[in-house]
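Shared chain: chain A. Partners: chain B in the first complex, chain C in the second.
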Partner chain A sequence: MRRRAGARLDLAGKAAIVAAGSAVLFLAFPVVALLIQAPWSTLIRDMRPGWNPLWLSVVVSSIATVVALVVGLPLAWLLSRAEGRRVQLVRGLLLVPIVLPPVVSGVALTAAYGRRGMVGALAERVGIVFSFTTAGAVVAVLFVSMPLLVLAAEAGFRQLEPGYLEMGKTLGLGPWQRARSIVLPLTRNSILAGAGLAWSRAVGEFGATIMFAGNRPGVTQTLPLAVFLGLERGIDQAIAISLLAVAVAVAAAAVTRLGWAGR
Partner chain B sequence: MSLEVDITLEREVYSLQARLSVGQETVVIVGPNGAGKSTLLRCIAGLEPSTAGEVNLNGTPWLAHGSSLPTEMRSLGMVFQDDLLLPHRDVESNIALGAAGDPRTWIDRFDLTHLRNRYPAELSGGERQRTAIARACARHPAVMLLDEPLSAVDVERRPMLRRQIQDALAGFRIPALIVTHDPAESATLGDRIAVLENGVITQIGPAETLTSHPRSAYVAELVGLNLYQGIASEKGVRVGEAVLASSDQASGPVFVTIHPRAVSVHKRRPEGSPRNAWLGTIVSTDTTFDLVRMSIGGPVTITATVTSDGLAAVGATTGDPVWVSVKASEVRLQPR
Partner chain C sequence: MRPGTVVMLAILFAGCAGNESIVIAGASSLVGALESIESGAEQTLGIEVEIDIAGSQTHVAAMIAGAPIDVLIAADRTTLAPLETAGMIEIEPRPVAFNQLAIIVQTGNPLGIASLESLESVERLVLAAPEVPVGRYTSRLDGIERLHPISWETSARQLVARIANGEADAGIAYVSDGTVAGVDAIPLANTETSYWIGVAAERSDLRSLIGYLYAEDGQRAFSEAGLKSAAS
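Then we have the complex of A and B:
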């Protein structure tokens, strides 16, 4: 009996290894395929149309991440301190942009902040236009990426030992000094990780951007949009520009990992 | 300079009702676990909302008519049970965090000069606690609150730190409250002792008063310490004509404390060879609650506390000779 049980366990172990191996292969192979299929001899030329979108992506995503930090960190802080139904509701709302199909997010953004949108129409009267502008591209990626930052930062704030804040009060530190000298340094890793996640998500955003901000070269044409456009001119160009995106993704992942590792 | 406290706190599980006035002195708060000692300090600091009450410092209200001055506006220095040093700052910048004036004065006074560029993770428990105390002092507070400041420190390093705390407090001449559960600390650390039991101050006064007139069994047991002045050397500690063995390391003039509960009383010479054993005579017995305190004359006059049953087992009364023994680990030394 014992031997049969052991044999069954072995079988389960083998099955797990096969499953795990397949998962790793499945996940790793597409990137390897990109490298294999890349038009190495003409790579520089094929990449050329990707440089401007890459630059735009970095700028748009960075601005969005900074805005997410400015408004998202206070939100994360309040969420981490508060309890009750209304807080649960806000936390649920934060998940909406994460679970919504990005294309739907783009339609929703158009309804809200587009030229005929409820807020967009008002904004246009004071000269602020989001539709088909770089500002619009920022709005699109901010919508999908900020919740990631808020959730990661909130988790970090929750882990903060409350005694540190009490100690800060007994040293005469006001709220801003406590935030600067105690909270931010002690939760730095969670915030960095959240910012890394948000930035990566922003760089990868396609659906919401193309729906809300359009595909204007130099204005709203970010890296994923350039890949999509490149595909129409042939697989070589799409792969070459994709390799740029891979490089950015690897860099962003490294920064994010660094944040987690320092925890 | 005086701190007036009159606080009521009602919670589901316990309540606290404390009223005390602290001048330019150190009041040690003792009491059993869960009596509300830390809560009392937290109320005074404004970290714990009280149900009702008043806290005044020199007539300035910290808490009055339900309005509470924010903790950061109260001029206080607080040392928590946990040192709460910021891990990303070195010793010097931890102390500088809320400092009024040059933090280096305090770094020197607490012997942290050679450690000033170390991070908390690189310090021992005692060094961390010293840093935390120096940080609280560096504010030049008007009130000092210390919650078990010595509990995280090695036993042999406590006397030194205790003296540093006493020196700092003496320099400030401000109201200070120190929470402790160590009877030896309560006898030597403060000017007065406040006993907190079940959220109520049952007795407050100098150690002598508490010793001579304990108002509860807890007080009787807590403060009835045998306290001697002795001279410590490698051979042991000389108390009068006798030399006692002690596990504590010390040399020179010391306070010797022996808890009455640690004194064993026997009819015959104790078995084995306890290093501290002598023949004495019962001078007097005094029954408080269900404990018998007996004074035993001999080379060292000592008070022992035994239960009534314990005394019956020994079968001795006033005037009878008895053997007295004390373990070396129960003979506690603190430099004078």
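Then we have the complex of A and C:
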């Protein structure tokens, strides 16, 4: 924080600094505590059960993020161009998976795409099963993470100057060419930030995954599920696997932050 | 901070610290029994009882971290071991109720499952993870290595829910889980399991609560929930 030379902080300023400091401490301390409590001498051994789940988490979250980009970006684009009550409604609906308790999302997904669910029963007839499969794990994290990508991308699309698109039209570019050579390059950072957020959210998902996709090593047992089971084996293993999650989160946050800063 | 704020915070924290009630934590398979014990003990003994239901191991981790749990009823003896090592158990643990393993199937047993061997051909089979008590019991069954579950559940009740909602066709949990809507339980012979009581504090009101658990009313709560009482 930089302030003008000679200016004295008034009471409100001091209060703000105390509040801000407490907020930072509150947010940073649990991660620091995790590092302090970590079983450093046996870390590598304790971490071992986390490697496969980590890999599965990366795969599942990456697939979900790609799917979210394919269907979410067009949605974000339409939302950014349209006005009116129905658009507001869609925007409101997008918030539902974000605010819903993840376990509830898992129950809802089971009702829809489970074996006895409306869509799930039809899908099973053509040989697609979501429950207890990696496809199900992708569906679970897609549900909770796609809204973040859509909201971030929409914000980026809204900032786009309409003049650029007009210019593209004048130059005779078709809609696909305009999207590829004007919209995407100019809003790249927002999309990157949204994808980073969505991916990180997907990596961290526990409730929806365990409720909908179950816990199957190598198939649906993602990193948070491994942490939970690690807890049943002993706190050291849970913390060791948690540190893997922290490392992934820090990396994802860096990518997201990069997108944000460049916006 | 203004003096008013300080006073408010002080009241807030004082409110949290004031803990007159007894907290009983229990395994997920005990949910029905503990609910009737909660209301029964409050009426009979005139003490405030709170119940906390989660996986036994979750409770153990919480207690070691300082959670205010006075009594833990764990689904097996092994679960209490870390608490004993930490010197947090005041009274020698002993069983308070019994259960039995059972094959859980959908109501009416549509697949006609009769034995552990018939589970070998069940495609959508769920078992409990060996890290949790019901899974530890299950892992000791003869021939268990020939079963191939599609999911390792983290509690007895979650496993049962999988079968009740049709996601899985069969699994192994407790006889008492047969009371859940949508499933039937087929008892497995010679698989008695026991609930062990760990008392983490030395107080007179806790002694009377433990007495209540072993007396007629408490034991009836267990048997009404499908468990077997310690007396019989």
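A few remarks follow.
Just so we're on the same page, the second predicted complex is superposed on the first by the 247 of 263 C-alpha atoms of A that agree within 3 Å, B and C clash if a C-alpha of one lies under 4 Å from a C-alpha of the other, contacts with A are read in each partner's own complex, and residues count from 1 in each chain.
The working rule: a contact is a pair of C-beta atoms (placed from the backbone, for glycine too) under 8 Å apart; a residue touches a chain by one contact, two chains touch by 3 or more.
Bear in mind the structure is a predicted one, so any value in this text is a computation, not a measurement.
In this superposed model built on chain A, chain B and chain C occupy separate space and fit side by side. By the touch criterion defined above, A:G174 reaches chain B but does not reach chain C. When the shared chain is aligned, chain B comes close enough to touch A:L186, but chain C does not. Of the two partner chains placed by superposition, A:S41 touches none, neither chain B nor chain C.
Contact with chain C, but none with chain B, is seen for A:F228 once the two complexes are overlaid on the shared chain. In the superposed pair of complexes, A:P217 makes contact with chain C only, with no contact to chain B. In the superposed model, A:E166 lies in contact with chain B only, and not with chain C. Per the superposed model, the minimal spacing between any CA atom of chain B and any CA atom of chain C is 49 Å. Taken together, the two structures place no residue of chain A in contact with chain B in one case and with chain C in the other. Residues of chain C touching chain A in their complex: 1, 55, 57-58, 61, 64, 82, 124, 126, 129, 131-132, 149-154, 162, 165-168. Across the complex, chain A meets chain B through its residues 161, 163-164, 166-174, 181-182, 185-186, 188. Looking at the complex, you find that chain B touches chain A at residues 45-47, 70-73, 75-78, 80, 82, 84, 86-88, 97-98, 135-136, 139, 145. By the touch rule above, chain A contacts chain C in their complex via residues 18, 110, 114-116, 131-132, 210, 214-217, 220-221, 228-229, 231-235.
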